[in-house]
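Structure first, then comments.
By written order: A, B, C, D, E, F, G and H. Residues from 1 in each chain.
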Amino acid sequence: MNSDLKTLLTGVRDGTVSVDDALLQLKMAPFADIGYAKVDLHRKTRQGAAEVIYGAGKTPAQIVGILDQMCAAGQKTVLITRLSPESAAAVRAVCPLDYRPEARAALFGPMPDPTGIGTVVVATGGTSDLPVAEEAALTAEVHGSRVVRLYDVGVSGLHRLLAHLDELMSASVVIAIAGMEGALASVIGGLVDCPVIAVPTSVGYGASFGGLSALLSMLNACAAGISVVNIDNGFGAGFLASRINHMEAKK
Amino acid sequence: MNSDLKTLLTGVRDGTVSVDDALLQLKMAPFADIGYAKVDLHRKTRQGAAEVIYGAGKTPAQIVGILDQMCAAGQKTVLITRLSPESAAAVRAVCPLDYRPEARAALFGPMPDPTGIGTVVVATGGTSDLPVAEEAALTAEVHGSRVVRLYDVGVSGLHRLLAHLDELMSASVVIAIAGMEGALASVIGGLVDCPVIAVPTSVGYGASFGGLSALLSMLNACAAGISVVNIDNGFGAGFLASRINHMEAKK
Amino acid sequence: MNSDLKTLLTGVRDGTVSVDDALLQLKMAPFADIGYAKVDLHRKTRQGAAEVIYGAGKTPAQIVGILDQMCAAGQKTVLITRLSPESAAAVRAVCPLDYRPEARAALFGPMPDPTGIGTVVVATGGTSDLPVAEEAALTAEVHGSRVVRLYDVGVSGLHRLLAHLDELMSASVVIAIAGMEGALASVIGGLVDCPVIAVPTSVGYGASFGGLSALLSMLNACAAGISVVNIDNGFGAGFLASRINHMEAKK
Amino acid sequence: MNSDLKTLLTGVRDGTVSVDDALLQLKMAPFADIGYAKVDLHRKTRQGAAEVIYGAGKTPAQIVGILDQMCAAGQKTVLITRLSPESAAAVRAVCPLDYRPEARAALFGPMPDPTGIGTVVVATGGTSDLPVAEEAALTAEVHGSRVVRLYDVGVSGLHRLLAHLDELMSASVVIAIAGMEGALASVIGGLVDCPVIAVPTSVGYGASFGGLSALLSMLNACAAGISVVNIDNGFGAGFLASRINHMEAKK
Amino acid sequence: MNSDLKTLLTGVRDGTVSVDDALLQLKMAPFADIGYAKVDLHRKTRQGAAEVIYGAGKTPAQIVGILDQMCAAGQKTVLITRLSPESAAAVRAVCPLDYRPEARAALFGPMPDPTGIGTVVVATGGTSDLPVAEEAALTAEVHGSRVVRLYDVGVSGLHRLLAHLDELMSASVVIAIAGMEGALASVIGGLVDCPVIAVPTSVGYGASFGGLSALLSMLNACAAGISVVNIDNGFGAGFLASRINHMEAKK
Amino acid sequence: MNSDLKTLLTGVRDGTVSVDDALLQLKMAPFADIGYAKVDLHRKTRQGAAEVIYGAGKTPAQIVGILDQMCAAGQKTVLITRLSPESAAAVRAVCPLDYRPEARAALFGPMPDPTGIGTVVVATGGTSDLPVAEEAALTAEVHGSRVVRLYDVGVSGLHRLLAHLDELMSASVVIAIAGMEGALASVIGGLVDCPVIAVPTSVGYGASFGGLSALLSMLNACAAGISVVNIDNGFGAGFLASRINHMEAKK
Amino acid sequence: MNSDLKTLLTGVRDGTVSVDDALLQLKMAPFADIGYAKVDLHRKTRQGAAEVIYGAGKTPAQIVGILDQMCAAGQKTVLITRLSPESAAAVRAVCPLDYRPEARAALFGPMPDPTGIGTVVVATGGTSDLPVAEEAALTAEVHGSRVVRLYDVGVSGLHRLLAHLDELMSASVVIAIAGMEGALASVIGGLVDCPVIAVPTSVGYGASFGGLSALLSMLNACAAGISVVNIDNGFGAGFLASRINHMEAKK
Amino acid sequence: MNSDLKTLLTGVRDGTVSVDDALLQLKMAPFADIGYAKVDLHRKTRQGAAEVIYGAGKTPAQIVGILDQMCAAGQKTVLITRLSPESAAAVRAVCPLDYRPEARAALFGPMPDPTGIGTVVVATGGTSDLPVAEEAALTAEVHGSRVVRLYDVGVSGLHRLLAHLDELMSASVVIAIAGMEGALASVIGGLVDCPVIAVPTSVGYGASFGGLSALLSMLNACAAGISVVNIDNGFGAGFLASRINHMEAKK
């Protein structure tokens, strides 16, 4: 942003940009205002990464409108998260979508080829954590990461987790997803030496209090190298994992 | 209590007990009222078990008074928990005490010989959980259980725990003590096939919220066979563990 | 598990097991991976105990699939908990089930004969706690325990509870189930000398906060020998009670 | 107040009170403004009741100042609650006080003779609840009630409570004071047919959360006829109990 | 209960009651066990009071069954609370009911004539508190109290409350019902000199947190003479109010 | 109110108002009691402001009844908030309404011309906050304020907010509406020098806990000049903003 | 800020400002970096307003350092809040301070003459709220407002509040400060027609939970025109009140 | 670990390792048991990284003991966190330490040269967050990262943050540390395209609830690429940041 500012200021000095145009550009450039939303168009399309639409609370018509803006801006691949089957069907009537019900998400455009440092491992404590896990996995994939899924490897049956030590130890990032007591993040954090992103889920009942138990547990994880995202936030974890998986030296 | 009632009623019918005496006996028998406390004297001294005085909030004089009542009632061994070094010193000036600072507890009278089905394993996640662990261990010992201590075997270094599989798998009861994320109970619960008593501790900072994180985590433990006592309640865990360790067929 | 490891290592040394086979065995043996779940098959079928499927969030097809795996592994009796009548009907169309609507659970295969030290008493504070109580009772029964049910014996009508002192005092384990103020566990804990497992329920309104009131109350129970499981966790209580009821001397 | 208003209006109409005087009287009458406090002087001194000063956060000089105002207004007996021994000593240097350290309170002036319907029973679950209980008992006494104290009758030793059935059943009001699980209120509420005022205390540790556990438990008490005051609010309970104990037919 | 015990013991001594019969009587007398509930029949029908069935979670058939038991025991008037219109219709098909939809409650049998010291005033902060208020009012009425209803007199329009000073000041008990900020109890508590029972309601949104805001506010009410019942517990308030309204000198 | 009181008292003294009439007037004047509600009619209709009916929990018939009272009292414009489309349709069948579905509110009568010091800016963090924002904007408009809407200017895309510095810096009041992390209020508070009213919304999932996260965040806002209203309380914010926007010197 | 930007851009275009100087100016202008703090110097000194230093957690040396920077920048009056008597004494040894212990604050430089629309009324529920009230009052005064203090006018003695109706009704802003149940804000909000700023205080015990009770109560206040600041945030309330008290038409 | 296991198994097969030795090795190898702690020695000393001792709750003697073990195992640099000045002095009496009071931490051995992809930026919202920030910065430095400190750049003075856009945009990882409303993480997350680690601090008062407000705010941050660690956990953030800063392609 700062370098854009310098370019702009230089343009003003050189007379190639008028003062009012500069002010206008500062206001108008980075997004398209389509009434119900300001579509953000200023992010670089580095790494073949997809743009993302948060589908919850948007009508199919609004989603199509935002998709149009993005396509017009040259975006090849768009991920739509938190999309119900009904909304997906309505959007698909207008433009082609690859809907993934297990992730409650849809893909518009081609899946990019995987790049990055290594693989992102997505591990879950139980089978009920699957929707969050698939959202995380799909998000990492559309942002250019290869993903390995290790589902139902909760700590109450430690052998199931230990049987996958190879995959875990060769990951560049691990996303540890669990509800209930959320111990998976701690145990994985003690086994690997890469960053671990913990995702508490709202799976459970009683004293799980909608994911609070897993959230607190993960925040208190004794192993180093662990950080936490919001309850059920598979997208956030997948996005961050892929970002870390694409770390490269800044010149 | 019910059989006592039948005995009493039979005495009334047979004329060996008057109605007023019966009423009086119902009121007076099971405890000694010494003003500031009603000392409970009706528990059988089965299994060589010690009686227990909860020391917190009691003056040394009150503790000595209760000790006197118990000794007069024939109690051989008394455990005093939550006892500060200062109070211990004041009590010891009057009657002999074996004070254990690491458990914040004192033993009056001889330590009973271990009996029971097997051993009680007391495992902790970290070194800071030690006071709670020692309270639990000492409580189990004075109630007649052999205790094995496995300290600092938290799940963030899984190999430390796995190195003690032998002790864990041969326990009759395991007490799993941990603060912070409290994952120890879940992992142990998945490894053993005996009852596991989980004790959350107030060890930690920030989002551990005084033990709430570990408490919720343990209540949500996915492994079966786990139950939970109050935060920092080493006594309760040790007492229950020893009770389970002395289970025997009721005729 | 440790003894399995020694056997495996001995096999490797003796040349009867190759290194790669050993590694493979460590990974593959204890469970069957059927895609949506890793079916745990390594638990001994000691004590006539049933295996358990947590039915919530699983499709009838998934349940049938897991049942198949378990039967193939030689399991005689399977308990399915948290099973809606609709799911039960769908599963029953494929394989025989004994559905118990009051417990929201189903039994596949024969009910094992009761073994163990004594009886498990399941006591509830009110009639609304019945589904949790039946889940606990059925779980204890399929794990080989004789169960006595004492329902609606809440402490606000103490005579109802005291009328059952005989059953309570002859129990080997008592499961105390209550919502609202959860005082039942404390009162029973003061009457009996066997382990008491307290189950808070989400029954109530207002300041019961979904079972939080009963949970905190039970964790703070002043009587010794009480431990607590998650809110509404009838299965956990029944499983643990039966495990304690089958305690036996370890060599 | 309303009848005062009518008197005032009638005075205005009859010309015995000017309009401005009436307005002034509305503003000035019922209290004395001594700078740091507005001393309330309009309550009737019916029933020999004492006035009360909440001592916490007031300097000895302020307390003496308020005492002076009250005495000048004809008050015979004044209760000062939440008064530290140090403050009590400082006040006593100026005017005579009967300090009750176990209640953290002091009495100025004579204790009124007991009146009212019957007795107020103050029952506590444990010995640590004593300061709250004494505050409640003393408050009821200075408001003209006869008080019976039943301390350390918690529900974990039910026989201690049942031994006092006579006192409980003949009370006109029972104040049930307990920390930890707070079950005392429920059990007493099921035994008596008079109003029960429940006082949660901050006694306890861990999941008692400063009295929250007892508070929720008491609010959820299943027995009818129970209401609750703030944590540790012995004064509020004693005042209300005495008020109920002095109920009389309104003409 | 204690006097019953003495009668029983005397009977045993006199030989008019056998020991086994005495034990049996202790167990069987005070309630009728009809499978799904233990109907409490030992309360005296003093003061023309109605018995109460908590309708929530009971089937119409169960309600009819309990009604039958109560009628067989001689109960004239029965109040059924938390009763949906559908359930009421189903019960009414079998036995006559006076259903009050605004109170979500039904009356079986005649309304008793009002007795007691004075009137019970039921005041609410807003119109949305009406169902709780009507439950309280009806409960007080069926227990023999005359009730005055003051609805929608919240403190944000103080003149609405002050306009009813006459009714408030002549009440023997006031029930103050409010959601949101719950200030009504404090303000009324400062105006009257009779007991005030505060009922927080779950009315509101956002930071009212299901009644928590009003609950805490009422527990912290600065005026003396106030106590609190559970959120939305109109029944508990009406029952207690009527009990206080029937206070009479114990011999 | 006080000056009304003086007028009344003067009338009493002058004999133009009888004492009983004065008392009556105090009770009856300021509102109309229509059974289910006390319609408040004493507020001045200064500034062309509309009266407001809180529609939630009221039947269409009740709303029409209150509307009738208000019109009879001379009210020109009435705002009905929290009104569902179904209720709006039912009311519209009886009297003309301008229903605004995006604000869940309806306008009866003409929209007043804008007056006041300047403009009220309503800014939201995201598109999901729109219903709360429209309720706030409409409320400010019907109370006579000109409103500028800045939607979807959340802090995660700071340039969207900075592009509207002109509007923000020329506002007389800013209403900052945001769910999730609620940072919008802090950032705006640091940019402007007018009062900022922060409205947390219940938009979000997981650890947003129904708006609690945004609420706490806004209460802790480091910038000065910010205050907070209840979660989702668009009406309260709009009303207060317009009141501030109409501040004028008091003599 | 935006107009500064335009000036800067114009300077760049005109060649009077170089591009690098422009960038530098954007970074350096508005504050002085003195190592441990960035002193904000860009706020206009309109209205004779004081600058403010938040004293908590700053050493006397740091406070003197920041004071120096501010004086060098031409600031006449500086308010230092949350300043202990010890820190005040240490600062006063170096530069003159007017320390106000009751407000835990100090004034450097002259108190500005009051300006603004009208008076700011600071009202408290009890005497313990005084430190917060004095912080609010002093803050409003140093920002140029005339302040009227109404202390100890809590709603449990409504006449104390009503006696000050004149002051309340003529205020331009009211700051309502209360702990415990926090009802003062609601009642005042219903009496006045100016903005009310509610300040919950941490005064109280038990279920006041450090001010949470008052905070929730005030957020739920039913009267319109009320907004809330953080617990004990007297400064924030005083600052905002004075800002509102200086509202003027923007051209 | 898995590859170690294969090595071990191969050794067993080849006869170079006996079965019992293999079991022993599994148990003993990775840590040194020095009674009060199990010192973890199995982590590779890759990247010049320091080992870490969590100093809180350890005696100087215990710290020296652990230091000895680590040095004996070849560790060059050791970081001791949460170390009081008193403990630091006691340890320094025995072995040389570089104590950093502003970080509450000490360095034993040389500071490693910075390596890694780029710089770690540590940004704080206020000056009170400094201890947490210094702990994070020092941790990142001893693990081989170059660190840039940006303190006191909170969002309430946005220009202070924007003035450092250069440093922020060229970071490889940003650690955003803030108490109170925690908005810093969101705003930074919207400005940069590298991973952001958010650290809530317990700085604040009132409704900051010991860091809960900032924690929830950061978990709900709308910008992508943000994750959160425990309240005040500077060490965890610094460790993770440095780990991400050393990401490299896994073969």
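By our rule, a residue touches a chain if its C-beta (ideal position, glycine included) is under 8 Å from a C-beta of that chain, and two chains touch if they have at least 3 such contacts.
As the structure is a prediction and not an experimental result, all values here were calculated from the model.
The minimum number of touch steps linking chain C to chain H comes to 1.
If you take chain E and chain F together, the chains in touch with both are D, G.
The chain with its CA mean position farthest from that of chain G is C. For the pairs B-H and A-H, the count of C-beta pairs in contact is higher at A-H. Under half of the residue numbers at the interface between copies chain G and chain H are found on both sides, making the touching surfaces mostly different.
The chain with its Cα centroid farthest from the Cα centroid of chain B is F. For the pair chain B and chain D, the distance between C-alpha centroids works out to 38 Å. With centres taken as mean Cα positions, chain G sits 54 Å from chain B.
For chain G, residues that reach two or more other chains under the stated contact definition are 1, 157, 191, 206-208, 212, 215, 219-220, 230-231. Under the contact rule stated at the top, the pairs of chains that touch are A-B, A-C, A-F, A-G, A-H, B-C, B-D, B-E, B-H, C-D, C-E, C-H, D-E, D-F, D-G, E-F, E-G, F-G, F-H, G-H. In the complex of the two chains, the chain G residues touching chain A come out as 5-6, 9-10, 12-13, 15, 18-19, 22-23. Interface residues of chain A facing chain F in the complex, by the touch rule stated above, are 1, 26-28, 30-31, 36-38, 40, 42, 57-58, 200, 202, 210-212, 215, 230-233. Of all residues in chain D, those touching chain E in their complex are 1-3, 5, 43-44, 52, 117-118, 165-166, 169-172, 191, 193-195, 197, 215, 219-220, 224-231, 235-237, 239-240, 243-245, 247-250.
Within the complex formed with chain H, the chain B residues making contact are 127-128, 130, 151-153, 157, 159-160, 162-164, 203, 205-208. By the touch criterion given at the top, residues 125-126, 154-158, 179-183, 185-187, 189-191, 204, 206-209, 212-214, 216-224 of chain F touch chain H in their complex.
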